[in-house]
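Read through the structure below, which is laid out as structure tokens, and then see the notes.
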Amino acid sequence: MTPFNLTQFYADWATILPECFLLLWACVITGAAVLGRTDESKSGTFAIWTIIGTLATAVWVAVTQDGAAFGGTFVFDRLAVVFKEVILAGVILTAAASVGTVSRLRAHRGEYYGMILFSAVGMMLMVSATELLTLYIALELSTVTLFVLAAYHKTNRKSAEAGLKYVILGGISSAILLYGVAILYGLTGTTELARISQGIQRQFMASGSFPPGLALALLLILAGFGFKLALAPFHMWAPDVYEGAPTPITAFLSVASKAAALAAFLRVFFVGGQPAQLIWIQAIAALAALAMIVGNATAIVQTNIKRMLAYSSVAQIGYMLVGAVALDPWGATSISYYAMAYLFANMGAFVCVIAFAERTGSEEISDFSGLSRRSPILAGFFALFLLSLAGVPPTAGFLAKYYVFAAAIQKGYLWLVLVGVATSVVALYYYATVIMKMYFPAEQTEGGFPVARTLTIVLAVSALGVLLLGILPGPVVDWIKAAAQSFVPPT
Amino acid sequence: MEGIGLTHYLTLSAVVFCIGVFGMLTRRNAVGVLMSIELMFNAVNITLVAFARYVTPATITGQVVAIFTIAVAAAEATVALAIVLLIYQHHRGIDVDRINFMKW
Amino acid sequence: MSGLLSWMIFLPLIGAIVALFMPKDNHRLIRGIAFVATLLPLILTVVLLAQYDPSTAEFQFVEKAAWIPGLNVNYHLGADGIAVPMLALTTLLSFLAALVSFNITKRVKEYFAFFLLLETGMLGVFSSLDFFLFYVFWEVMLVPMYFLIGIWGGPRKEYAAIKFFLYTLFGSIFMLVAVLALYFTSTPHSLSIIEHIQRAPQMTRGFQLFAFVFFFIAFAIKIPTLPFHTWLPDAHVEAPTAVSVLLAGVLLKMGTYGLLRVSFPMFPEATRFFAWPMAILGVAGIIYGAMVCMAQTDLKKLVAYSSVSHMGYCLVGMAAVGSVAGISGCMFQMVSHGLITGALFTLVGVIYDRAHTREISAFGGMWIKVPVYSGIMILFVLGSLGLPGLSGFVSEFMVFLGAFPYFKITVAIGVVGVLLTAAYFLRMIQKMFLGPVAGHSEGLTEINFREIVAITPLAILMIAIGVYPALLSDLIQPTIENLVRLIGA
Amino acid sequence: MLSYAWLIPVFPLCSMAVIMLLTHRNRVLSAALSITAVSISFLYAWAIAFTVWGNPEVQRFSFDWLNLGPSMHIPIGIQIDGLTAMMLIVVTTVALMVQIYSLGYMHGDPRFSRYYAFLSLFTMAMLTLVLADNFFLMFVAWELVGLASYLLIGFWFEKQSASDAGKKAFITTRLGDLGFIIGLLMIYTGCGTLTFGGVFEAVKTGALGGAFLTTAAIFLFGGAIGKSAQVPLHVWLPDAMEGPTPVSALIHAATMVVAGVYLVARSLTIFMGAETAAMTVAWIGIITSLMAASIGLVQNDIKRVLAFSTVSQLGYMIMALGLGGFTAGTFHLMTHAFFKSLLFLGAGSVIHAVHTNDIREMGGLHSKMKTTSITFLIAAFAIAGIFPLSGFWSKDEIVAATLGHPVFTVLTLLVAFMTAFYMFRLYFLTFTGTPRDKHKFEHAHESPKVMTYPLIFLAVLSVVSGWIGLPWLHHGFSSVVFHEEPHHAEFHYGLAAISLLVGLSGIGLAYLMYYKRRIDPDRIATSMPGLYNTLLNKYYFDEAYEVLVIKPYYVMCQGWFWFDQHIIDGLVNGAGAFGVLWGRFQRWADETFVDGAVNGIGWLTRGFGATIRYLQTGSLQNYAFIVFAALVILWILR
């Protein structure tokens, strides 16, 4: 045991300050709500300010602190900064988009925001965790709150069903992940990623082969992450939960939760599993291809917009993981960039669905018919987000796809890229079909409707993100690239 | 080879895990499913503790992880049971076979 | 004037954005904006032509700035002898098509916004010297086109729009893969088209073949060459008049432009290898397109299929990779087809506006009823069937003359296309314009002043190039000679 | 003087442009413009002719039209030699006469101005064609005369037959032009130039020769086959008679149709360098000549008889050229232009008077229209080759050219006999005997002076134009159109006598059959029904083309279109437009794809999507099962 050191103590807690800050206010908001001391509109505003505060703290930490804390179990490096910003952006947008949804809840309005904040704490911890136990706890913190959120529409049968499916499958995947962690621990005697990596390397050097259980361990961990990421074939929960959960939560699930899992995935596989890449890289490529094919093919036949977006999210994760086969700074950059582009586009798309459903009460694709006449702004935003998801320039989605395909081509995964490009044509078909429904009908459908102000702001911010990342991506790319280079050993 | 060793623990744990999986897949009752999941967690705990004992006797990492796992599993079970209650209110039953309103 | 190309490209975009902020019921104002936003690039084109130095194959008006340094992406523009005629064609046709569009009354604001965005995309493609930029513009164009066909199109607009969108995207994605491959095989990694051309001799044969095929799929769909052409009749027929004009006049040229800009100088060995198959495809397109035209009953569809036939000449011409005449012929055909088919689609639109049908059999004796319209139509038809003195003849003759030494029998078969073209066009003329006044011809009114204004520049250019082709060849010759040298056949 | 010769076609060009753009509403002004322009060209042409004929130098003026380096260097310009000068005279003279004549003939036509514009267009193109110093410019003009021909044949386009005929003419000649184009391509490939001088130089030095040259020459001749209505592309010319008669006189008798002859004459060096090609030319010429003459024997449409006569005479010229008879061919070209245009204009005058083309409804018109009758008779004598009219001299040269090829000589004389016969059959049936249609006869009248004066002028030329070839002039006609060096067959008194005799006997036979009625033509016809019907139906060429070419082509086009819509597009829809077949466009798909021709990837994708969605059963235990199954599979595949 190292003796107590005040400087070290200060540095450790300073590094984790944003999480602490967030946790504190999450407790306050939840507590106030439980005690009935606040009304929901205030707690919403409060939550947003909390996150802005956290963001500011995080920026401050990013500037002043650097490196590992708590004996190397927690790290605030550039990758963490990137993903924390992404997650916090996602949380802010979710919170802002929730206003209407929350106002229609019968009870427990305040706790809703508290839950989101708790989940956000978990995600932020996850991004920074460099040790498997920390990672696991953080992951569970974020997931368990999401179980609650998914079932938040207590009176809605779909929501309850979503909650149940999510919690049970979540539990299984959690057990699977943990089993993998346990085996890895048994093989290397540690749960710290850096040392795991060294351990594997050492054993490989010594015996010329990987320890026998390693493949199983990595596979189990991959399955665990696959669940969080909704990666085919571990995605089965996603469409049902996406459909049943309150839409802001769906957006949150599909964006922030995935971003956190992705960061953790990068840490585990790009750092911890890096020496064993021979074992898992083919599996990743196969799963990515499967995700692109299954996600896109199934999305075509959907009639519910949320379900369609759910399958499209499955495919999107496939595209992100195309970048993973590169296993170098390029790959990490491409995945991170993709996550960021996806954040805005998918969040925007779901918020469009919220805005639409708030006014029409429908989530059927066929009801989008003629939207461009009823609400040109909403239709315009939705079209923009869909085009970004489809990867049409000059939106962020295009550069993101370009980036991941580039990473794969660089490593010679031509077949994977061809699968990617072929399926993205399929993807364009169903995105374009929605656009067609919105824009092409000539006849005027019934009256126009406005979009709530907060939602408009969320949409505008997302659209700005989509366009800026697409048109002037230079600084962001440089920023992410630096982050990726800082933690991925160049090959 | 004398007495009980690491292999036995690992085997036991694998068997328990599989029983959990099997129960999880076959139980019709949601609570039964949850219990099966608990079995899976406990299988993992056995592994962890066994590894802690045999691989890293000097540190207690494994035990710590196991304790945390128990805590997390409890939390999860709490939420799960709450949701099962919710389901019961909607469905007047907790047969997981009948909970397939959303599909395809 | 610095940033000439940038101004040209982005003025329409600025126009589009301005138009979006205008009240949506003030059609006059929006049309005025569209008019100005297409006229200004046209004026800049004149400046461009005046400042362009035709004695060199170097890129001129070059603008270069770092765009995404992390990916070595640059904002790199420039124009040479291949690009300049295309830029001029684009600005001209856009302007005229904007005039033609003034009779649009449905969702005017959106229409012109998309229209102007489309012009930006087209001009961008023709002046990009960076692959990323090139690809971005290439794709950007699809979106407004999708909407323009889908919203303002004919009865089967949804089908046509999505078919166009998917088909082109499908092709261009292959281009993306090839671009990425180029990027990673170069050291230092580069997306500059110029740099890749310079390193062409170091590329291995296998790589060249691979990249050529991938690019070719993208370009062939756009041209479109024979087996990839079926999006074209649908898109052309369903699109509103002005969009058909741009589709046929400019978008199809992007395929051939891409081949000349990218594939030929960059993969000389593969180009030589694929020259003969390209000639075969071209000739097959000529004959096949002409024969299918013969079976058409819809005037617009006939013109659409005639594009398939006419773009075949381009392919034959460029297949003569060692011949300045052949490749120049391809360029001439690109310009000439742009002028002629643009005009033909406009003219088809003129009668469709009046009679609301395009069935050939629904008309008869139009020459009696609307002599001015008929005269103009026949003039352009004659241009299209390659009558000497009009631009179509010059390009066809150049193509044949250039390609004949290389592919004697193939070209000789291609020459038959000249006859088949005459056959279907004369059949159309006979049914619609000759004979006694019949069917919808009864109520037709003469072509109006605005429409004549939109057609006249095309007619003048068609005749000017036909009579004195050196007007155009002087612009392109050094560039083409350089290209032939790079291919090194 | 000569250096401004390019102005000759510019005058009619200007008149065309002005009429089209400005004066088309003013009939008088339009006609005046057109006639003035062609008059200037006419005077200019004569002036040039006198300059050139005294000065046997080839004059060339050219500039670079397009220079792309060796792969395409095309200078264009004009070249003036004897042949050109002769052609200029022919074209401008006939054009002027026809334009004046048309003032009367086309009087009252609603599209009078347009008619003159088209005539100007034609004149311009034809003059360019003969002035060109290279094959390229010649081809350009060649196509433009084709266009003018198309427009003028179909001038009365309300009539289905007229617009059909125009289309047929354009397409048939264009078929020949394909050969022309390929010939040009071969020549350019072979010697890198298209100027006459350069090409002939290459042929002479042997740079261009052998089978390549022969093939090129035969392809080149394809152009002439089309334009000069040789077998098997002669079918358009008889139909072209649907145009106004003055047009037939100008385009389809005197000028455009001889463009093919001119082409062969101009490039005779090439044909002389390729023996096989030359013989092909000669044979096609004589076969055409025989066939057309035999058809002419039985036709009843006054203009068609003349049309077949034209075809036959063109075959004559072509044959002569094929046998190397440069002077003979070109000489006959000139005389034929005058007397045949006279015949047509005469026929036009008759038609103008009786409003029918059918000679069975005419007869005895001599009494009503003396000028027409006499001038027609002069022309008929000329074409029959009667001394001392122009046709005698030129036909004699042709017969002389066949010396050494006995088969040709015999056939030539046979044609001469038939020509004399059908021409006088025509004359007797039209102008002599008793009127067979009283009503039409009574309304008949002599044409106005604007129409008869051109007839008289041409009649004079038909008489005297042959005298240039008088045997006692130095070198005769060849000194006029000299080609390389003047070579002139000695005037052959014996041959001249024989051919004169043959002509007279043809006239005699016609006299007996149609004037004296000593022999009943109907009996002969009924005694040989097979032959008669074959001739009457023009050897069934049109029917054969209809069945063998046009119908199959249409069917084939429809077939390809079906293929395009169903197979290619079907595959694309299958492969690309996912779901299009099944979702929104179900109905359309059902209609189009009932045959199930398409089971492409699109269907598969949609089907795939529709299938795997059912894995999503909604049962969470199934989901969990898939998770574990996937784990197991991944473990196995590891």
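First chain written, first letter: the chains are A, B, C and D, and each begins at residue 1.
To be clear about the criterion, contacts are C-beta pairs under 8 Å (C-beta built on N, C-alpha and C of every residue); 3 or more make two chains touch, one makes a residue touch a chain.
Here the structure is a predicted model, which is why all the values come from computation and not from measurement.
With centres taken as mean CA coordinates, the chain nearest to the overall protein centre is C.
Centre-to-centre, using mean CA coordinates, chain A is 43 Å away from chain C. Work out the mean CA point of chain A and of chain D, and you get 77 Å between them.
If you average the Cα atoms of chain B and of chain C, the two centres end up 65 Å apart. Distance between chain C and chain D, defined via averaged C-alpha coordinates, is recorded as 36 Å. Each of residues 158, 162, 166, 170 in chain C touches at least two other chains. Counting partners per residue, chain B has 24, 33, 96, 99, 101-103 as the residues that reach two or more other chains. Across the assembly, chain D contributes residues 576-578, 613, 616, 618, 620, 624 that each touch 2 or more other chains. Taken together, the chains touch in the following pairs: A-B, A-C, A-D, B-D, C-D. Per the touch definition, chain B reaches chain D in the complex via residues 21, 24-26, 33, 96-97, 99-104. The residues of chain B lying in touch with chain A in their complex are 10, 17, 20, 24, 30, 33-34, 37, 40-41, 43-44, 47-48, 50-51, 55-56, 61-62, 64-65, 68-69, 72, 75-76, 79-80, 82-84, 86-87, 89-91, 96, 99, 101-103. Contact residues of chain D toward chain B in the complex are 613-614, 616-621, 624-625, 628. Every residue of chain C that touches chain A in the complex is listed here, in rising order: 66-71, 106, 132, 135-136, 139-140, 142-143, 146-147, 150-151, 157-158, 161-162, 165-166, 169-170, 173-174, 176-177, 180-181, 183-184.
Of all the residues in chain A, the ones that touch chain C in their complex are 333, 387, 392-394, 398-399, 402-403, 405-406, 409-410, 414, 417-418, 421-422, 424-425, 428-429, 432-433, 435-436, 439-440, 442, 473-474, 477-478, 481.
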